[in-house]
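The chains carry the letters A, B, C and D, assigned in the order they are written, with residues numbered from 1 in each.
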């Protein structure tokens, strides 16, 4: 198929490349000229504006967005709205909040434009291994895009699917990331316990390696964790600082709205917040309270 | 090699069978005559008492224990102590608390007997796929037992290893199960959020299937979860009651003793406790407190 | 002072009565005629519509809202907007979300109307003991209302104050309730542990009574908890079902937005969600997963 | 009454002083000569060894222990065992683990000695306000000691009581401290949320002051917290480092053993552990995992 790729960062460039390898025609746009040039080097066309991109594509157009969630997506979606023609389709493959997706899709519908949300997992490994894709949108529209998904996915019929109406793809990806937070935290806590049991002198990478075969906790995340532990067994030079990119927060918020108790996913997020709160007011106040009632010494800063 | 297998329940019988298939000679003991007979049918010898078992084995003897943790293991370990001769080896392949293992190993050492602990993961799938084994014990002793581990493991050099001195095998398995609790809870919470988002009409088994290929959360547990969701999408007929077999508790206890914050593993355990506390005194008292200060209605039982 | 009271439910009626006792003139409105009549019996005037209420009050008018948060508050606020005159003041004494308050106040400002938010704590005990009030609004406006707050508060200069600009009163009350959730849960868990230690045969009400004097955990909530335990030591007839009225959710949401780790307040909310999730899909799936990998029995429903 | 006080640290010295003020005769022992001298200055006798203490007391002797839990208590209890005579009584007023208490009491019983456990709350404020005391022991023995408890307590019949057999006093105090952890954490989280809402410019000490009167969260801990916030509103110079003295751990352990879900008490403990884990291996590994699968940047140390 022929499609436009908007956003040629780490994810977008890799996805474009995988599509090219699969025989699709890709025209790429990114404000960064070097990113466009790099993609050209891999056999794609490029456009230096959204307008140029739209003009370069045959109708009905297919434009895949791979841009950061939030205002950049909004700007791009709004600009495309004014450039596209009835029957054209935009696929948001980024990590948008599904509520934003519902809002944008409603706007597109008013203009006879199709809007599809594709929650995409796979990270930097997707280029080689394929992407896992949870897709929301009208059945007929998704069906038409099938060749794209088959190429991006790990296998023709594997690792992708339409999960429901528009919005449901991003919703499912949001929950996917919530689960990811919980799994990551579970592994990290476990390895930390092993690391602290100094009298046994455990080799964490070796243990990760053992668990990779036959154990109940084997997983792709364990494979990666074992790699990380092999390369840097003591985690030297790494700050105990864990970022989060929003999907964990949305999952927690959604769980509460749906009245689903989700302690583990929630605590995984809170643990990340705590990792960055190095001057915890909470803990300073606790130390101060202990001093007030019990005369317990306060550690000075 | 030639070895005795004590305990022919689900796990012990399967392990004996895998050893037989691998060319080892196994003499099995279980108080249950049917279990002994079933094993005989697979090519093993059997003994109707621990005494008979010990007599049937050539010195230096190797006895593998696959019995429930706690007092049954203690009884078996103590009886064997009086039957075995210096140089013989007992391998505890069950889910013993590593502190018990340290105690038992010290006792065995006094009698010139070898004690090896093998944390075993793999569940009912181990017979076909092999067991992941974390082994603690003296290096020379573990080396001598290598043919056994190579057969039980998923591969000759894969899925097993000596992780440290005696006790460290059960310690590592304990943490393994703690991680397992956290992962299970993360998946279950995530699928529950999906299930409650009724307006999207999501097919949980389909989503599990999508995630199995290419996604960051792919794992063997996800494979099994997807199977469960395929067979019974609404979890019909299943009580919301989750048992625990001890290793999660020990992990939580150990984390606290080592001053390692492990909120996710801990909350996974607490969630299981809560699943069984259907007449929660805590919640009744909370409802009662709300009534006291705010006049809020109490739901009658 | 002379003021109108909109909403004569449990809280509004009590506050009106405390104001009357303090020498203020109150005109009350409630759609329920009986509620109006009951207030008249205590010396207040009443109005059978918001329009009548506004007409009955002298300019500049003061109207206190004590209505359920959400759409009812929105309807009332919007109706009053069309009835009031520049210089009039509305005080929202209910549990509104501070974001709603900010929105409503901005609207009122456009019409030269004053908007004050008063987070009110005290529950059914406020009539006798006075209400704790956290007030947001312009300094001059709050100063003018001082006689009202002095009467409603436990003391002339105690238990009330302007904490900041409009919105800050409801924000502070929201956090107050978050803390309340955490404290309640801490007590309830503690008493539940005592209750489960059956070999000691502890008398929970007696223990609450002991703690009320001299202990570090003494509090008004403990007083009420002790009362509840005295009246119904076994919590008989009470369902383990804990409602929540929204402020806990908002606190959790706000904590996450502010990157403040708040595990205890968050878990208190989650515990309440769990109390109502008696058919937990999460727990059913966990039981099912345990069966898949380990062959563990599932409890039937 | 006449009694010996062993341990003249902060708590023991204050309790001895309160007993002296109440007309009791106290002989104090502490290895520290200055501590003994200070107590003499308040009207007590002193002894420079446990042996001297026992000799100085009339039979049947009453010895109150106020020494750190653990091995010091064990040493003292064992030494006294060899010095005391049948019918004498030892009261452990410290924060001993109730399991240790059960063990020590059984030993004393064999020697016809009485053992009483008194969980004591009140901290540095107990001297002036009285101590809250939860007492375990034989009814007749506790009855004989009544004058002591009446003097130490906030009131003759208030703030103390025999809660059950020996061990139950320390058990109840353990749970008391677990609750205290949860309450402290709830307040600290709440104030931290207020502190982070910078656009409202909230004065935390003022808010604490408002809540002290009429609010649902009023308590003695809130009084102290407000004092701390008044003295040091920004918690300047205080490290975010929160110690724990053991009772929280025991409460968590006991809750798990009793199958009582106690998420809030447990998370309060875990938050303290995290405050001291400034080089969190868990968080370093999480950052490393994010880099592995998503190429996310790692913050360098």
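Throughout what follows, a contact is a pair of C-beta atoms (placed from the backbone, for glycine too) under 8 Å apart; a residue touches a chain by one contact, two chains touch by 3 or more.
Since this is a predicted model, take the numbers as computed values, not measurements.
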### Query
Any chains in contact with both chain A and chain D?
B, C
### Task
With centres defined as the mean of C-alpha atoms, identify the chain lying farthest from chain C.
B
### Query
Taking each chain's centre as the mean of its CA atoms, how far is chain B from chain C in angstrom?
48
### Distance between the centres, which are taken as Cα means, of chain D and chain B, whole angstrom
39
### Message
Report the inter-centroid distance (CA atoms only) between chain A and chain B in whole Å.
### Response
34
### Task
For chain B, jot down the residues that touch at least 2 other chains.
123, 185, 187, 189, 192, 196, 216, 221, 259-263, 267, 270-271, 274, 280, 282, 293-294
### Task
Classify the chain contact graph as line, ring, star, complete or other.
complete
## Note on the structure
Residue positions on chain C within touch of chain D in the complex are 121-123, 126, 129-134, 136, 153-155, 158-161, 163-165, 167-168, 171-172, 175-176, 178-183, 185-187, 189-190, 192-194, 196-197, 200-203, 206-207, 209-222, 251, 254-255, 258-265, 267-268, 270-271
### Message
For a test of understanding, state which residues of chain B touch chain C in their complex under the given definition.
### Response
10, 123-125, 184-185, 187-189, 191-192, 195-196, 221, 224-225, 227-229, 232, 235, 237-243, 263, 267, 271-272, 274-275, 278-296, 298-301
### Task
Write out the stretch or stretches of chain A touching chain C in their complex.
216, 249, 252-253, 256, 259-263, 266-267, 269-271, 273-274, 276-277, 280, 282, 293-294
